[in-house]
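Shared chain: chain A. Partners: chain B in the first complex, chain C in the second.
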Partner chain A sequence: MGANIYKNKKLIWVFLLPAFLFMLVYLYYPFVQNILNSFRHIKYMGTAGGDWNSPWYINYTKLWADPKMRIALKNTGITIAATILGQVGIALLLSLLVSNIKAGSGFFRTVYFFPIVISATALGLLFNLVFLYDKGMVNQFLQFAGYLDRESNELIDWKSKHAMFTMLMPVIWQYVGFYFVILLTGLSGIPSELYEAATIDGGSKWQQVRFITLPLLRNSIGTCVILAVTGALKVFDLPWTMFVNGMSNTWLTGTYMYSKVYSDVDYASAIAVVIVLIGVILSALVNRIFRQNDDYQV
Partner chain B sequence: MKKKISPGYTLIYLFLSLWALTTIFPLAWSVMNSFKDKKTIYHNSFALPVGSTFSLENYRSIFENYDILHAYRNSFIISGTVAAAVILLAGMAAYILCRYQFSGKRLLNLLLYAGMMFPIYSTIIPVLRMQAVWGIVNSPSVGKNLLSVILPQIAGNMSFAIIVLMGYIRTLPVELEEAAFLEGCSMFQTYFRIVFPLCKPSMVTVGIFSFLWSYNDLFTQMFFLRTKENWAITILLNNIASKEGVNYGALFSSVTLIVIPVLIVYIFLNKYIIKGMTVGAVKG
Partner chain C sequence: MKKKMMLVLAAITAVSAAYAVPAMAEGVTLNVTTTYAGEDGNAQNYKDSVAAWEAESGNKVEDSSATSDEAFKSRIVTDFEAGSEPDVLFFFNGVDSNQFVEQGKVVSVDEIREVYPDYASNMKDDLLGASPVDGVNYSVPVNGYWEGMFVNKEVLEAAGVELPTADTTWDEFLAACEAIKEAGYTPIAASLQEIPHYWFEYAIYNFQSPETHNTVPESVDDEYGKAWVDGLNDIKALYEAGYFPENTLTATDAETFQLFTGDKAAFLIDGSWKIGGIAEAVDDIENFTVVNVPGKGDRKTTDEIGGLSMGYYITRKAWDDEEKRDAAVSFVSFMTSDEVVSKFAGVSATALKEGAAPDTSEFNPLQVDAIAYTASFTGISPAVQDNLSAAAREPIFADMASIVNGDVDAADAVAAVLEANAE
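Take a look at the complex of A and B:
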């Protein structure tokens, strides 16, 4: 009888409508509206777009010339590179190591994933204390270890001297576990016969990783890189908690957009459009690089 | 069977434990310092809060100055409603998209995947205006303000949830639904009596994910919960952070207060949580 039972379609819209209505009203419609807004003059947050800007693309030329936007773009670029190398890199290393051990892999999985469920706001606050100038965790630790002089109370001002590092470290740290789990799942899909064959042929551990694991993991790594790129563009809570209002020139496209949202609404809309564009272009690019060869499908 | 532990394995465990330490230690450090007064924190933040250095002063002052319980209540109302609504609505849509063939299905699938691509930045301004027109933003009623956070968050989780649930419903055998059909069950009865209960594991995953996402989402809360009585826990924490600048004890204890409920839930449900947060991401 097969699909016979699904013949009566009269009422399927009752099931579909609520979910898609939500998305229509809260995602698709505002998304289009936002693009239009970026070409219009909006007086206050919460009012409708008025006249078209003249020229209509002025927000985008303003963006091009805005030094803060340049900083934000540069920092976002650094963030994307750091998340790809840092998050996916560390996650790859950890997952390769965990796939080699038998006891305790469940424990590491649970522990590594834990920071992801904590709110980035709480983590921002926590890392403010970790990197605190006067007796924060890192400075105190460095004093104990003898790297900083304890007698003269030598300290490092992390948040102004090493602002980008201080901001990115927790961002990277938080999500390593996420990519770790994805890569571990990918690794478990590689048949063990391949490794056995390689061992018989005299392949070293490193050669196995280089010629079996990495090529077969290509798709999983590609997924991780896309997620890292889009994730880096979304990051907001943690930088905002640690560096309010782009303190020490730590603007990111997201935080800069928020800072303009009440003072220059249509300009903020234009920044949001740029964020979307960067995301779409970079995802397409990463897709190209990692998915061109179907032979590697795991 | 005894095996000699090779130096290679020892190194692997050492390295893995080192990373585990970085995820455990900062939180343990925070909990530890929340029980110490300012002086002790300043003197040695690594010392355990035992004996005379143990103090509950930080917690007392936080509970006195901020309405933590009220913020928890608001958070649970918001995130609980979001999770429940997402489970209900996404499940129904996923069922139809999985089992029925109809015109326009391809378009809906396309919209579904597109729904995962919109960052919140690109929708928030028009959403705020729309909700302002409806009168649920900056309203004197707490319920309305909470609703103004709930609605966009439901939409934000919807496509993710539908995609995860579709993946699960696809693996269910159709025989049960056929039997129900022969018994004369309508589409509603088939879904709510047969399919919905079978989807429980996946529903739990989606529910937890939506709940946590909503609970932790500072950005939306910053737009819609602007006064004290409307604060949820994340925005409260953000405000404590800006007000208590150098009162480290208070900061440690508020971080601890926010993290502990999540930690407890995580200890019991980490399997579902890890699955929920990665499955959808990989599929999308």
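Take a look at the complex of A and C:
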């Protein structure tokens, strides 16, 4: 056998085939079918597509005129911005701080990564209690601190008055650790000699970050931003658990699509197609901005 | 090493074979799906009854019951589409069943009676719950439901308000709500964002009568359409008056229920199935009662919502399978017998000719009050929402917040419902 294994290309196909078939059946076929479904009339969830819609593109014109879809797109835009700044930004800050400490970095890695392993639904339920109107943790704390009047049981309806903040805060919090680990791995790949040379040349800590760390982390940050953008477009479970049915106009593209799945199946398919399209366009855009640059390879 | 590996493989093969070979023919295995699961008050009764039928018949039940929600309904539709429907199904008899009835995938009661003349003979045929598709009976109901106004007596006493009676008018009810609010309590425990259904039914019922309530309007301008708009505007008025919880547009049903059981809210409109939940949630069940929902117009305060919205279906697949046919008929007959129905019914209505005979000796005070409540009915109508598809319900139920805060006009919401229902 020996080196022959590399010459026999058929074997490669044998190993690739199962994964390819799996992707074909569970990803590409449903994806194409979903596009077709968005043009057909589907009476019940789970039933096969019936006649073509009249006109066939009606779901897409409906999307254009749908005020809830506009809200969902606007909120998703806010979510994307919040995840880039909040998740990737905070993760970058934390990773820079942790990479600069010698003792205890393992502890912080675990602590920051921990929320990732908790299910989003469980976190949603947890934050429901945190922001609960009556006897919720935040409102109790604010009463205790004197910000809210305890005598008259003054309370803040977080899910109404500060809905987007209440929804996005847990979403951002959960995924900071994920990007933190990616960025920390990127930081560990930067040779320490560069920092030593900068220190000898009299470079301050900030200058080291500005002129060494950030340029060399460019590819890692680009990966994080792409993941954050596509993740924000799909985010569903935690917002749905906390803000079922888009209450207080908190629709996101993911939650709005799900809400339509049981009542207007083909319309939900059209929303899914739009989510994919936006995801592809934004990913290409981010890729262009953070194009792999060999100048910054280490 | 090889020997050990062979032994392991042999053991796996033996175990697999044991599972692969069907059990020796001791009886038939029926696939059954019901909604007697999760928090349903009859979940345990169902398990007990299934066990009793299995012991009596020697057959087995492969149960896939689940809590009734939109995902469950969707699963049933998908199962019928994929040809993997259960043999026996306990499901809604309204528009939710239209798809499999239209496709002829369930067997009518009349067809079953041609072979089994005694099938459902203990039931009143006109109460079985005919299909909206063709008016034919396909399902056999167990226990019905009613909707009423549960009252926290302690809150009323603290606010100096009298307990509503069968003669309480809508205006008197509003006055009571105002007094309760003035006393620092929440008059009505309801989550308009999650469960606005009960208030929708009674609010529009107030502009109709038991004879007309179960009619879906043809247009927003006809008699029924106007009643719906007026009813929704009444809910808006209650919201604007501050009679619902302050966070009614963001609270869950569980949160508002807690207000009620925690002596912070006075009234709760809900179904007969809520009695068990209240009894479990409170220490002093005597502090709670159920009364008629105050009415106005042609609707008397004693005209209520109720009916038999679900029943047991035998699927065509099971009926055409000679091995399963007998077992399916036997199972449904057992589960809808006078004895089992009486056990399930508690304080709710049934379609039994002889009437239910529940064991009242173990009833708690709320259940005793419920018996008196049901005895006061002068008229009863099914919930009209059962005539609407999921898509049609959405503009009102998912958008109640927009209606009460004025973002969406009630007439526009009703028009959207009727448009979706016509599709």
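In the analysis below, the second predicted complex is superposed on the first by the 279 of 298 C-alpha atoms of A that agree within 3 Å, B and C clash if a C-alpha of one lies under 4 Å from a C-alpha of the other, contacts with A are read in each partner's own complex, and residues count from 1 in each chain.
One rule holds for everything that comes next: a contact is a pair of C-beta atoms (placed from the backbone, for glycine too) under 8 Å apart; a residue touches a chain by one contact, two chains touch by 3 or more.
From a predicted model like this one, the values you see are computed outputs, not experimental measurements.
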| item | value |
| --- | --- |
| First, second, both or neither for A:Tyr133, with chain B first and chain C second | second |
| Chain touching more of chain A, residue-wise (chain B, chain C) | B |
| First, second, both or neither for A:Ile200, with chain B first and chain C second | neither |
| Touched partner set for A:Lys159, first chain B, second chain C, both or neither | second |
| First, second, both or neither for A:Lys234, with chain B first and chain C second | first |
| Partner chain(s) touched by A:Val244 [first = chain B, second = chain C, both, neither] | both |
| Touched partner set for A:Ala145, first chain B, second chain C, both or neither | neither |
| First (chain B), second (chain C), both or neither touched by A:Asn34 | first |
| Which of chain B and chain C A:Met257 touches, first, second, both or neither | first |
| Touching partner for A:Gly46 - first (chain B), second (chain C), both, neither | both |
| Overlapping contact positions on chain A, where the chain C interface meets the chain B interface | 45-48, 128, 132, 134, 244, 261 |
| Residues of chain C defined as touching chain A within the complex | 70-71, 73-75, 77-79, 81-82, 99, 193-194, 246-247, 249-252, 255, 259, 264, 389-391, 393-394, 398, 401, 420 |
| Complex interface listing, chain A residues touching chain C | 43-48, 128, 132-134, 155, 157, 159-160, 163, 244-245, 247-248, 259, 261-264 |
| Residue ranges of chain B in contact with chain A within the complex | 9, 12-13, 15-16, 19-20, 22-24, 26-27, 29-30, 33, 41-42, 44-46, 89-90, 92-93, 95-97, 99-102, 108, 111, 114-115, 117-130, 132, 137, 151-152, 154-156, 158-159, 162, 174, 177-178, 181, 187-188, 191, 212, 215-219, 222, 234, 237-238, 241-242, 248, 251-252, 254-255, 258-259, 262-263, 265-266, 270, 273-274, 277-278, 281-282 |
| Residues of chain A touching chain B in the complex | 1, 3-6, 8-9, 11-12, 15-16, 18-20, 22-23, 25-31, 33-34, 37, 45-48, 90, 94, 97-98, 100-101, 104, 107-122, 124-130, 132, 134-135, 137, 140-141, 144, 173, 176-178, 181-182, 185, 220, 223, 227, 230, 233-234, 236-237, 240-241, 244, 254, 257-258, 261, 265, 268-269, 271-273, 275-276, 279-280 |
